[in-house]
Amino acid sequence: MNVEYRGVWTLSEVRDGRIHPVSYELLAWGRDLADTLGVPLSAVLLGSGVTEQAPDLIVHGADQVYVVDDPSLGHFRADSFSKTLAELVNRHKPEIFIASATSTGRTVMPVVYADLATGLTADCTELGIDTKERLLLQTRPAIGGNVMADIKTPLSRPQMCTVRPRSKKPLPADPSRTGRIIAEKAEPGALSSVMKLLEFLPEKNVGAPLQDAEVIVAGGKGMKKGANFALLEELAALLGGSVGASRTAVDLNWAPYSSQVGLSGKSVTPKLYIACGISGAVQHLAGMSASDTVIAVNSDPEAPIFRVADLAIVGDALEVIPALIGRLKS
Amino acid sequence: MTGTFFGNTDALRERYGKITPEILREIQEAAGAKNVVAGDPEALESYASDEAGIMFTSMPDAVVKAESAEQVAAVMKVASKYKIPVTPRGAGSGLAGAAVPLCGGIVLSLEKMNRILEIDPVNRVAVVEPGVVTNELCKAVAEQGFLYAGYPMSTETSFIGGNVATNAGGGKVIRYGNTRRHVLGLEVVLPTGTVLNLGGRIRKDTWGYSLMQLMVGSEGTLGIITRVIVNLEPKPGKTVNLLVAFPDLDSAVDSVAKVVRTGISVISCELMDKLSVNIAASHVNTVLPYQDRADAFLLIQIEGDSDERLEEGYEKVGTLCLENGALEVFVAESRTESGMIWNIRQNLAEAMRAHDPYCSLSGDMVVPLSTVPEMVEEIRKAGKERGIAVGILGHIADGNLHPIIFKPAGMEPMEWAEYAEAFYDDLTSVAIRLGGVGSGEHGIGYVKMPIFLHSKPAEEIEIMRGIKRSFDPDGILNPGKLLGS
Amino acid sequence: MRIGVLVKQVPATENVRIDEETGTMVREGVEAELNPLDLHAVEEAVRLKDRLGEGTEITVISMGPPQAQKAVRAAIAMGCDRGLLLSDRRFAGSDTLATARTLAAGVKKAGGFDILLSGERATDGETGQVGPAVGQVLGMSVLTFVSAVESAGKGSLVVRRAVEGGHERVEAPLPAMLSVVKEINTPRLCTLGGKIRAKKTEIPVLGADDLPLPAEHLGLPGSPTKVVKVSYPQITRSGKKVSAADSVDGAVEEILSVLRGRGIV
């Protein structure tokens, strides 16, 4: 069977020319898997002028880094990135290849797996190895988080999946680690893209993109009106976080769609999630219940959000949040 | 007829006992100290008004959040002993001021009695405490394949106890009737503390006068409902929702009678005029198709026991509306599409309040279906004559109309409260002339009392007063409501 | 221009139950509907047709059980011209790759499209990888998370994509596969006329034998991934409950102590 496929790969993500920290989370997952299997862990790094950052991936757990450093890879494009990745996979044959479930990962991996005709599991929250069969065990929520499914890819290789950001902490940087940095070349055909990036329009939003945020302050219908989201922005700024919203709040135009948390929005896993005036419909819980710590403020003592809260404040968010802001400022 | 605003209730208050520290202690003993709120104006304030609006406010002296019928009975005994007025209260979502403690005293809140005690599939009933949110009851019985057919539009906030006390109507009356039709049994605490068990898990009962039906719609003036047995319907067939845009109100109103006559099972038929739709749509940040051109919309829910029957039904109703001048008929079959259609209607009341905190939602007249066009015309005329903005909503197939009026800029709230009720009083007179009544579902409470007493034959009022006396000789239960003092 | 839309029928509820024995979803008695996120793809297709005018035709394609033709009809009622249902017992158990290959074969059978649209993901499976995979199998430009189609025609289009931290404007040649996000538009309601037209529209059903696909690419045998276990997550935390009614300051103090405990302040 596929004995020629060996080793664990992670896809490193580059944004604004820098390796994004989500790449180190993947390495933490990859390290576990590679150690259990007794195989090397490789990071794949695609970009323009990124070679000098490759050692950072070693420091965070990789045994080796495959780097394709080419001016044509300066911006993410689905076609050239996926062609290059497919070429590398065919050349080196890893048994496992994982990427983050970011917009980049969720764009490039479906193209690569379809090209390679193997399996791909979306948005995993837990990974392990079935040691008896030497198979990757992929766990993912489905149907609004109602159900967790364990999925295997018994025959096809590589076993591929995307992993939810913040589902694991990066390993601490270890400058004493050593590893190989391997410069790879891709065929010119693979590097060429038919897509043209015309422009990037940054979101006017407080703090980091929602999926990267360590702290999310989210608001729902209990915020009463759109103007009150300014309070959440103020609190988020004080805590170094970003603002999220329930579907109702987005539908009422109190917050942009990009900040919607839940089934029809984003799944987030910050260190801290503060839900303000959000009742906690199943769809919302599906997108945030995996947060490390949840604080919920809601005037309805029976609000479902309290079921997933570490701290449940029964009260009006419009009273509690300003008071909290006041204390944080003083 | 004016005088809706409370003005001076001191004279009324004089007739009753005051809650002294000793009496308070007795109340605390009766209900448990943790269930009694007193001396904290901030905590009491939220029990001083209901959805009739901020113009109708009167502070209670104490709030009792009872946990059982025994506690209610014990509190009533104390109240009875010292002649302390008691105002029962559910969710406080009523629109007629019935839950406002006009004479101070005790507000007896049933919010803690919020358990669904039993869903009995054999007898097809649910046994619930009065503080259950109606929507929770609907959801719980639906999980077991049943329907609770009561559907006040406030279903997500109102309590079943309040629905019974006001004989609530709402969006499905055309198909299922109002709350009276769904109540099979009641446990009631009388002002003396006596507990009555009326009706039961049965659908036939000719065992004397129906005191149970007398309780339904009595607005807390005869007894306090502590347990309700409701009838459960089999789960309905499939439904589809139509949103129909009309160029003018008349063709919309005119279509309703024709739709009803088709014999197709209509579950809801809601009318929304241009002004209401504009306010609600902007509140939920959406735009309905044809919103710029249509003067009125009908929202029609149709039931069918099979896909074929359902299709046949909505095609017939839709075609009929188009023939009757409708601009367009939209069909929502799936959950998501139906949600898009109902979103506006369900957010209407909230949207109106957000648009104008002083808007009056208490208009609730009912007329025979045949006279609805005339009633609508009178409403429009009255608005024009007085120069106030009127939005017209209605459970139109029931002939139940909710004219909603907005406070003119610059008018004082006090003046506005009287002005608004005078407006409704005039329209109520019209409704009565057309063979209708002044309230279809909100009840009389305090807000509608003057016109009620003025327009009902004196003989009827006298019989009602006699009934009130035999239940509540000292008049401590919800004084100043429905029949006055 | 030829436009295609991929749609899926999904359960109209979040409260699904799983058959413990088979590990599959209990569909009995559960209403089904067109995937709500696909409504945006259908809407965008109809808007594109309005923009492009004469000669533009929209075909909606779904794979699923025979009842899924209802989802296809719902899309036609919104303004699509034709429908195609891929339905065969042998498609059962398809994972995203088998589904993508089957749909791609269906697209070929339908004559191919200049623009192919899908919703961002289905609300049941939530993978979001079928649309892009179909695009790849068919050799189309793959554009995910599309939040606006700025222009389309003359062999290329310009779209906006919602990505972390903002939107990017991308130009790509046709044929192109677009998976669209919710913010792209507000789906229209279907009219009675649309419903009646949809009812009258014949929806061809293609089975495994009608598609140029080897048997080993179909259904369970054609699915590299296998679901080996299904469980219900316990998301209940026994958190501390504090009432702010008694004291807002007390509640704030509780929040601060959590923030300190987690090293956030």
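All chains are identified by letter, namely A, B and C, in their written order; residue positions are counted from 1 within each chain.
Rule of thumb we're sticking to: a residue touches a chain if its C-beta (ideal position, glycine included) is under 8 Å from a C-beta of that chain, and two chains touch if they have at least 3 such contacts.
Just so you know, these numbers come straight off a predicted model, no measurement behind them.
Chain-to-chain contact here is organised exhaustively, every possible pair of chains being in touch. Across A-C and A-B, the chain pair carrying more C-beta contacts is A-C. Subunit B and subunit C have CA centres that are 41 Å apart. With each centre defined as the average position of its C-alpha atoms, the distance from subunit A to subunit C rounds to 21 Å.
Put simply, the C-alpha centre of subunit A and that of subunit B have 49 angstrom between them.
Under the contact definition stated at the top, the residues of subunit C that touch 2 or more other chains are 36, 245.
On subunit C, the positions that touch subunit B within their shared complex are 12-13, 31, 33-34, 36, 39, 74, 77, 186-192, 194-196, 199, 245. Note for the complex: subunit A touches subunit B at residues 225, 251-253.
Here subunit B touches subunit A in the complex through residues 283-285, 354, going by the rule given at the top.
Only residues 11, 14-16, 18, 25, 36-37, 95-97, 100, 123-137, 141-145, 158, 160-173, 181-183, 223-233, 235-237, 239-245, 248-249, 251-252, 254-256, 258-259, 262, 264-265 of subunit C touch subunit A when the two sit together in their complex. Interface residues of subunit A facing subunit C in the complex, by the touch rule stated above, are 15, 77-79, 82, 102-104, 106-107, 109-111, 113-115, 117-123, 137-138, 141-156, 194-203, 208-209, 211-212, 215, 239-240, 256-258, 260, 263-265, 271-272, 274, 282-283, 285-286, 289, 292-297, 301, 306-316, 319-320, 323-324, 327-328.
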